[in-house]
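Following this message is one structure expressed as structure tokens.
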Amino acid sequence: MRPSNRKPDQLRNIRITRHYTKHAEGSVLIECGDTKVICTASVVEKVPGFLKGKNQGWMTAEYGMLPRSTDSRMDREAARGKQSGRTQEIQRLIGRSLRAVVDLTKLGERTIHVDCDVIQADGGTRTASITGAFVAVHDAITLLLEKKLIAESPLSDFVGAISVGVYKGVPVLDLDYLEDSDCDTDMNVVMTGSGGFVEVQGTAEGAPFSREEMGAMLDLAQSGIQQLVAAQKTALVI
Amino acid sequence: MRPSNRKPDQLRNIRITRHYTKHAEGSVLIECGDTKVICTASVVEKVPGFLKGKNQGWMTAEYGMLPRSTDSRMDREAARGKQSGRTQEIQRLIGRSLRAVVDLTKLGERTIHVDCDVIQADGGTRTASITGAFVAVHDAITLLLEKKLIAESPLSDFVGAISVGVYKGVPVLDLDYLEDSDCDTDMNVVMTGSGGFVEVQGTAEGAPFSREEMGAMLDLAQSGIQQLVAAQKTALVI
Amino acid sequence: MRPSNRKPDQLRNIRITRHYTKHAEGSVLIECGDTKVICTASVVEKVPGFLKGKNQGWMTAEYGMLPRSTDSRMDREAARGKQSGRTQEIQRLIGRSLRAVVDLTKLGERTIHVDCDVIQADGGTRTASITGAFVAVHDAITLLLEKKLIAESPLSDFVGAISVGVYKGVPVLDLDYLEDSDCDTDMNVVMTGSGGFVEVQGTAEGAPFSREEMGAMLDLAQSGIQQLVAAQKTALVI
Amino acid sequence: MRPSNRKPDQLRNIRITRHYTKHAEGSVLIECGDTKVICTASVVEKVPGFLKGKNQGWMTAEYGMLPRSTDSRMDREAARGKQSGRTQEIQRLIGRSLRAVVDLTKLGERTIHVDCDVIQADGGTRTASITGAFVAVHDAITLLLEKKLIAESPLSDFVGAISVGVYKGVPVLDLDYLEDSDCDTDMNVVMTGSGGFVEVQGTAEGAPFSREEMGAMLDLAQSGIQQLVAAQKTALVI
Amino acid sequence: MRPSNRKPDQLRNIRITRHYTKHAEGSVLIECGDTKVICTASVVEKVPGFLKGKNQGWMTAEYGMLPRSTDSRMDREAARGKQSGRTQEIQRLIGRSLRAVVDLTKLGERTIHVDCDVIQADGGTRTASITGAFVAVHDAITLLLEKKLIAESPLSDFVGAISVGVYKGVPVLDLDYLEDSDCDTDMNVVMTGSGGFVEVQGTAEGAPFSREEMGAMLDLAQSGIQQLVAAQKTALVI
Amino acid sequence: MRPSNRKPDQLRNIRITRHYTKHAEGSVLIECGDTKVICTASVVEKVPGFLKGKNQGWMTAEYGMLPRSTDSRMDREAARGKQSGRTQEIQRLIGRSLRAVVDLTKLGERTIHVDCDVIQADGGTRTASITGAFVAVHDAITLLLEKKLIAESPLSDFVGAISVGVYKGVPVLDLDYLEDSDCDTDMNVVMTGSGGFVEVQGTAEGAPFSREEMGAMLDLAQSGIQQLVAAQKTALVI
């Protein structure tokens, strides 16, 4: 029995609010149960040094947690003077996942900076960030198209992400914090709208996991991400 | 004429939402017009080294802005590896302002960490932070009283803050971003509920200001802060 | 009774020594009682990136204290690897105060770097820094005029600074360290030679202060800064 | 055809040299083709703060590359003043992988520090680090047993790691640098000697990958890691 | 001919001013020609961690230059966030040189922090720092003896330092900046009052130097340091 | 009697292995007894900012120790976020020593980056680094000549380095770790192949040293460096 009484293959409630803050080209609040992340996409009319003159754009992501987004207060990374290894790992993952569905040559010499800031955490912040950030990027790109700054959308597909795991011996979908801190295996899966795998990151927190468990987790992820992509589509047509 | 069509002595709309996030002992979203700040108060059961064994508590504040809370994206301070001088100045101001109405000897050997994170900026983020943080601290202290961890409230008064300035030659209350970036004088005032001054920080951005202008600005601040304290009281009784 | 036996409206002895070190375009030792600060103005023939090609100059200030300028030794900021919030706050204040009387468009594409280094501290180091730095900047500008690098002085006025406070219930001028560490209110005031306010930064260290006290402190500051500007003028004609 | 002419399921030559340097409790040079990594295990008789008094040990890993271990010289991380996100990601992976086969409660209140330093890189440095580090840790633990500092081995299994990928449309085992920089999918797999999965980290560098490709890659990884564990066993009995 | 018209074996004028600032236990301004350094010795009643409980004291030195102590303004190390390699090299040299004549076991569990801050530089700042710092340390130790905090002086000898070099082919004593920046060899020598060598650091800036030149330089250094020790003694009896 | 049973004027066994790693233009493993250092020379086709357009090249060196190259594990400098003063001192010494025999104007607008990484330490790592790095630089320059990127060798001489000291009252050559940590004087000497001094850095660790001892140490160094240069020549002709 899951602490939340959800069924093994049941997602938490998803809410995607577009235009959440007023300055960013794309701004989304994504809520997955009690996990809440503000995802913004900012268009900046220049590219990093290593891409200058290469006739293409760039997309990069940063991630942060408000100090009291978690159960006990964490140190503020800006005050400590550096980002933790975990933070860097997550923001690299978000950036790679989004770039997998963006053709940077169609973006022109500009950068989309994605910022994912967790205001309340209850497990699954990195996957919620990816799912929410995609919508923010979509809005930013729509704006570039409307302003005729680009002729064609650089987006080749949707992208969403979810965690799966083995909790008390049972493969489950979308772990919340209570499950996440007590599971044997935790796996984050990123997939495109058309069902290709972009990232699979599985870790045995307790006992190693088997090929069978892996298969079951990938099945759950696949079905969960289809629902998330559907939610993205619904949000984008409102 | 003010860009927002407000009268010189008119505050922006204030909204104070308590219990905004679920983990913190006090959690407030304060909205002053389009300026939105999440203020949390976290109780930690220890004091900094310099206060160990001194039989008193501590209260300190940190401040941050989400990278795209502003019109153009700012660098993330955690990624740059240090907080700007402006950030440090602001968080020192917030901490001093709140400590002015807290009797630390009544707090016991614990620390209240205040975090003010701006999710949308339109001028006046530091004063909104103080006004909102007071409510979050009040909630955290109420919790300590309810849990009988302290016998008596350490709060001696309310505290609120507002900016005033000279805009196009006219003293005005509660500058928004358009006014702030085009004014001659910008002054932040922090006052207690009973009308004492805690901080006055005035800066001539353009021409120096006169004693008369200073007097007019202090009058405006006084009336504005009375309204803010009234809003705090209303929020706390709901 | 003040610890120094001064009257409430009495400044400490001021001594301004020009050409204190030999390399800088302007170099001043200012002594306010036992507070001693070396203020240099260095002319550098370039501007920061954000001003390139804008046909104007820049002026900026840095502040430091020798580790044993104070009663007990402080950590060396260069060894700790960062400047404290207090240091940054002070150097931002010095820079803003000096820029208030300099027309940067008349300076040409060059920067005046002001360095204020406290070699002995007894209260009032930031205000002494401003008063001394103005003289160093004046000397640097005179040199630029003499070398015909600029046609017209960018200086529009004099600028000086002093602290005032409420000590044992009495408003007093020019707090020394003993007063500063035991006062209810501490206020730093920066004014031009013609009597306009540039900065007012008042903090209630103990009890909040009233409008009446504020008025009394501003009166004291006004008279004190007039004397300081007179001392600057005397130093500059020798 | 692979650039190295290897068959899709063919590992590079493995060489494991124990006692490579003289100071460390465990010291191994592992060579996987042209990739060469020095792995040391250092026993330190204390635990980090968060484990003090908890009657258990700790194991942690650090990773580095000599600046010219790669084709073009990289900046030295010690000189730049921080470790890259990639470095932190890798050292976190190494630490987790080794801890998966170590019972920290049997280690006593001591820490095993693993250092993996790449002296020559040709792809697969993180997986070679894990495979080599296990042998170094084994040697360090044998020493603790010989010195009777621990009564029972904390090791529950062997652990090895390998990369697999999809190169020119074909799933292949053990990518070298030429393949790694030109593949569609790159996946690092960590498994125990008894065949359980510890980590699976797959990334689509180009096109997303399918469930079928994932299955093929996991098959390759499984067979490769069995060979690596055999090589570890051979090295340990010499 | 030397730029200063000094003879090859002629020191610059030395001036040692004790009690230069009021807070430090020892405070000296040393002037060697136009090189001016404030040297303070601060007694702190604790020792660094690695000496706790070892029944001995510690002495350490830090060195800095005011940004405009030099001909063109240098970056402030506190603002850059780190001390240069040169600074660290110099402060390590000063510390070692002073410790050579101090018996730390006679100092008790306390630390003498030496701070050498260059307010005007004209070559030879590190050697002037050592010579001046010795006097400051002597004053601090005298105070400890007077207060009966130690029973016996930890000082075993005097110590002084000077630079020598080969300038335009001629070995010379006490290089000023013009010579230093144009010499073939630059050597810093630290000696005790009784004539033993504590440090010899010679560097060929241009052509390598010979054993004969080295002998000539050491002769000059020996005679120069005798004069410096005499000046220290004179200063200490005034 | 020396711990190693060597005679006072006896070097440890030297082994110089060229082409040690495959990527660098010059790559040498130097072994001096149990001290082992990888020295690489990397040619980069640009110069630092301060040399741009000056029609000359640059050569610089960095130094590091693997964390467990020493008897007890040292912190990794990349993880601590800064290089120690000792590291910086050593890498500045290596760079100066090598530049003494290189005519940078003959190098063209390129930089040779030297990296000296200690994989096993037993005293004398800085001098072994210099001796080994010279061979790596020689190989890199030979490559530049072969590729006709430069017309003439910028090397004017060989350069080698050795430590000497006073151990138990006897001047000895080439101190190992046991001697180094227990000697009265430790001196590092750098000389050219033709016998000129490039650097002499002597430190009295215990009692000050005399002119006579200095002479004896320099004699030992001279004979030792002749043997090292002979070993360099032998290695280069193989």
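In this document, chain identifiers A, B, C, D, E and F correspond to the written order of the chains, with residue numbering beginning at 1 in each.
The rule is simple: a residue touches a chain if its C-beta (ideal position, glycine included) is under 8 Å from a C-beta of that chain, and two chains touch if they have at least 3 such contacts.
Source: prediction; values computed, not measured.
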| item | value |
| --- | --- |
| Both-way neighbours, i.e. chains that touch chain E and touch chain A | none |
| Chain C to chain E, fewest steps along touching chains | 1 |
| Chain C-chain D separation of Cα centroids, rounded to whole Å | 59 |
| Approximate Å spacing (C-alpha centroids) for the pair chain C, chain F | 50 |
| Chain C: positions in contact with at least two other chains | 81-82 |
| Traversal of the chain ring from chain C via chain E | C, E, F, D, A, B |
| Chain A - residues contacting chain D, complex | 82, 85-86, 88-89, 91-92, 96, 100, 187, 191-192, 196-204, 207-211, 214, 218 |
| Interfacial residue positions of chain C with respect to chain E in the complex | 21-24, 27, 34, 36, 38, 40, 42, 44, 62, 64, 66-71, 73, 76-79, 81-83, 87, 113, 115, 117, 119-121 |
